[in-house]
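The following pair of complexes shares a single chain, chain A, combined with chain B in the former and chain C in the latter.
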Partner chain A sequence: MAADDTRVSAVTPWHFYALLGVGLFSLALYTFIVQAHLLRKILAFNIMGSSVFLVLAGLAGSPAGEAPDPVPHAMVITGIVVAVSATALALVLMLRLRDTSGRLTLPEDMGG
Partner chain B sequence: MVREAMLQYADIALILVPLAGALLSFVLPRAVSLIGIASAVGITFCALGLTETLLTNGVRQHLVGGWGAPLGIELRADGLSTLMLLMTAVVGLGISLYARVWFRSEANKAIWFWPLWLLLWTALNALFLAADLFNLYVTLELLGLSATGLTALAGSAAALGGAMRYLLVSLFGSLLYLLGIALIYHQCGNVDIALVAECLSPTSPSWAALALIVSGLVLKTALFPFHFWLPPAHASAPAPVSALLSALVIKATFYLLLRLWLDLFSPLAPQLDSLLGLLGAAAVLWGSLLALRQVRLKLLIAYSTVAQIGYLFIAFPLASVGMSAWNGALYLALSHALAKASMFMAAGNLMRHAGHDRIRELDLVAQRLPLSVTAFALAGMSIMGLPPSGGFVAKWWLLESALQQGMWSLAIVLVVGGILAAAYVFRVVGFAFTESPVTHEACPIPRAMEWIALVLALGSLLLGVFVQPPLEVLAVGTPLAGGN
Partner chain C sequence: MPEKSNNQPTPEVQPPSESGLRWLSAALLLVLFAGLASAIMSLPVGTSGLSGEVEAELANSGVSHAVTAVLLNFRGYDTLLEMAVLLVALIGVWSLAPATAAPLTAPGSVLERLVELYVPIMLLTAGYLLWNGAHAPGGAFQGGAVLAAAAVLMFLSGRSLPASLEAWPFRSTIALGLIVFSAVAALLAWRRGALLDYPPAAAGALILLIETTATVSIGSILAALFLGGRPGDGR
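After this line comes the complex of A and B, so read on.
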């Protein structure tokens, strides 16, 4: 985005939120990859999700006091519903995995 | 009267029938398999009806509730979508019939299998019909969540681990895709594919969106080196689930990638197709080599899927000139769907019969389950690309366009991949004829399970004989299939 000159010259607070979202996404992505504990991975996924929503809502903001575009907000709400159900499923799977294998990490790769 | 109504609402019925079936089977656990089979038959009729209207009236568009592009949900069925819907219907019907027999002895799993499978089918059909990027995101998530539930169905530690890994990969891939959509929406103020196609330009936000969406989908399609999650998930699930994951779910994200590539991305990034082709070639070689090394049959078949996904991506650089490489890739997707479903079913039969799936201890299974071994061998013909199979036609087209463009390295990969596939298929067939030192208590297998595997394998061979009908469907409203 930084290379797009016309836009950088007109950075609004909304773009600041969007950039914040990108930063948050990178941080959460790092945790998602590095941490082995499944709960941390699930939390990192949630933060990544929230950061994507921040980007969506941030880019939707309008500059001069006009009403913001409602469509991205509808997308964010749908995204939150998806994220909540995905988190629920992930947590249940994690607990089942702990009950059957006694571990809270993913099994090692099977040679591939 | 009924027929006309069915033809008119075939597209919406393709989503509503499996959805209604899923909800009903969830509420009525006693009648699950009946509801499941009824829905599968209904979906097959709808898919055939849709094909008929497509061939007579051309591309179909349906505005759900009468709302148009920027706000409403639009369903669109062109030749590519319809071909995918047909593939899903045929293979899905086969898998449903197989699952009915398979889960007879595991009634406690059947009550979870059917709602999840019908929900997954809903997601697949909706994905093939969706015409805007955000609905595609929703269908992707529905697909991922229901596929995760099915992967975990076996309940063993291996299955749960595979499901967990699959869920995390799938969610991460979807988030990358959604981030890409956020950038596209910011640029175009729209998510309708046709409208977005007019507004994307070779600028950095478009490139960022392209990179995010393509990497998300490549991750979900398990292209090398992102295939790590596929073998544990596909190999630890019950046989009908392995079949539907390997045959159908992988194809959905490939379809989406191909659709976006054709409509949006191909003018934006001329170099990316070589990278995808390179990864595809690596997948063919690496997947085939690992398939050769496997001790367990289901893992061998899962690694064979990794290799076959590679062929689909080899088409990207080949299709930069002419369209016949796309026909090859799509034909491979079709014949692989039939052949791989059949292989996993045959493997399921062998596993039920002997209680294990170690290749070295197959123990004269060719004499005990001749139909299953025949199904495996016939499906293997399509996987390795021997004539007269669908896999042969597909690889022939790919090879032809590789030679026409002088891309010798890809042509060599295509040939070597076929030889490696022959090696791993014959390795299994060979051990099916030999007696193993360890003998096992054998368990009888219902004949229906063997026949269904055989019929699907024959289907993948028939694709090699009847080449024109799929191409006719494919040509409606798409730039594809014109080359042949």
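After this line comes the complex of A and C, so read on.
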């Protein structure tokens, strides 16, 4: 990014955080697709959610010392707690699947 | 990403599509990343979104911190539904399994002492965060998370909820936040014609009432989620 000096005026650190979020999202989505184990899928899904929060918080930033946009921040705060509860529900569902079927993968992933 | 284009798939150990599927996924996700990244880079810089609108109405919101004003006033409807989502998630967990027993390993003396030291401080911190939310970063969700962490520490050190509290006291604590929030919303809808349209004079007090009950409920819901099932049976 520093090498691209002609465009650097348009690129703020907030863009960098948002890009990090997008990168994290893509990596987590890849893991979510290719990993068969449900715990890995749940963790990947959780990271996908967290990376969206990073994008939101990054894009909420405003240049030069002004307070950031509070609306995305409020959404992220509630979103984090909801993501935690959804992860808990997913983990309990996974344990239930293990107790009833003895498997920790979905039927269509059994070959992998 | 390492360069492995000469890598041959190994059909004898894996199904033939497995390796190809991975490369296909990786390629598609690179395209997705490029698309999302270019979308982000093309977003206008220097606009502050809805900051101006929030700033203009902050004086009527009953609190002086913009995030809390958005959370409990301007977009209070969202937060009301988030509380409902938390409760629904807990109902889902409770419908699937009874709570597991306390951990079998005895807690070490370090954990024992730390719990005794930390839990009172954490309760104080939760109250501070809740009160602070009116004028600085903080509020119900942060306070509730600290409360839940205190409860998790206590569970991990082998303490558990007294059996006498497991039935209706615990359950009403869990539901309290949503009940109070919905009651305020219904009352305001009836008296003022719009959901969560606080009268500016009473907004601060109503927000504090909602946030206090929400903190307690969020803390107990997250702690109950940690137990991973219905308390009270299966022990």
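The rule we apply is simple: the second predicted complex is superposed on the first by the 99 of 112 C-alpha atoms of A that agree within 3 Å, B and C clash if a C-alpha of one lies under 4 Å from a C-alpha of the other, contacts with A are read in each partner's own complex, and residues count from 1 in each chain.
In this section, a residue touches a chain if its C-beta (ideal position, glycine included) is under 8 Å from a C-beta of that chain, and two chains touch if they have at least 3 such contacts.
Keep in mind it's a predicted model, so treat the numbers as computed, not measured.
When chain A is checked against chain B and against chain C, the one touching more of its residues turns out to be C. When the two structures are aligned on the shared chain, A:100 is found in touch with chain B, with no touch to chain C. When the shared chain is aligned, chain B and chain C each come close enough to touch A:69.
Of the two partner chains placed around the shared chain by superposition, chain C is the only one that A:23 touches, whereas chain B remains out of contact.
In the superposed pair of complexes, A:80 makes contact with chain C only, with no contact to chain B. In the superposition on chain A, A:52 contacts chain B only, with no contact to chain C. In the superposed pair of complexes, A:91 makes contact with chain C only, with no contact to chain B. By the document's definition of touching, of the two partners only chain C reaches A:34; chain B does not. The contact surfaces that chain B and chain C form on chain A in the two complexes overlap at residues 25, 55, 59-60, 69, 71-72, 75, 78, 82, 85-86, 89, 93, 96, 111-112.
Residues 1, 3-4, 25, 32, 38, 41, 45, 48-49, 52, 55-56, 59-60, 69, 71-72, 75, 78-79, 82, 85-86, 89-90, 93-94, 96-97, 100-101, 106-107, 109-112 of chain A are the ones touching chain B in the complex.
Listed in rising order, the residues of chain B touching chain A in the complex are 70-71, 134, 138, 141, 144-145, 148-149, 152, 155-158, 160-161, 163-165, 167-168, 171-172, 174-175, 178-179, 181-183, 185-186, 189, 203-205, 208, 227-228, 231-232, 290, 293, 299, 303, 306.
Those residues of chain C that touch chain A in the complex are listed here as 14-15, 18, 21-22, 25-26, 29-30, 32-33, 36-37, 40-41, 43, 45-51, 54, 66-67, 69-71, 74-75, 78-79, 82, 85-86, 89-90, 92-93, 96-97, 139, 141-142, 144-145, 218, 221-222, 225-226, 228-229. Every residue of chain A that touches chain C in the complex is listed here, in rising order: 10-12, 15, 18-19, 22-23, 25-27, 29-30, 33-34, 55, 59-60, 62-63, 66-75, 77-78, 80-82, 84-86, 88-89, 91-93, 95-96, 99, 111-112.
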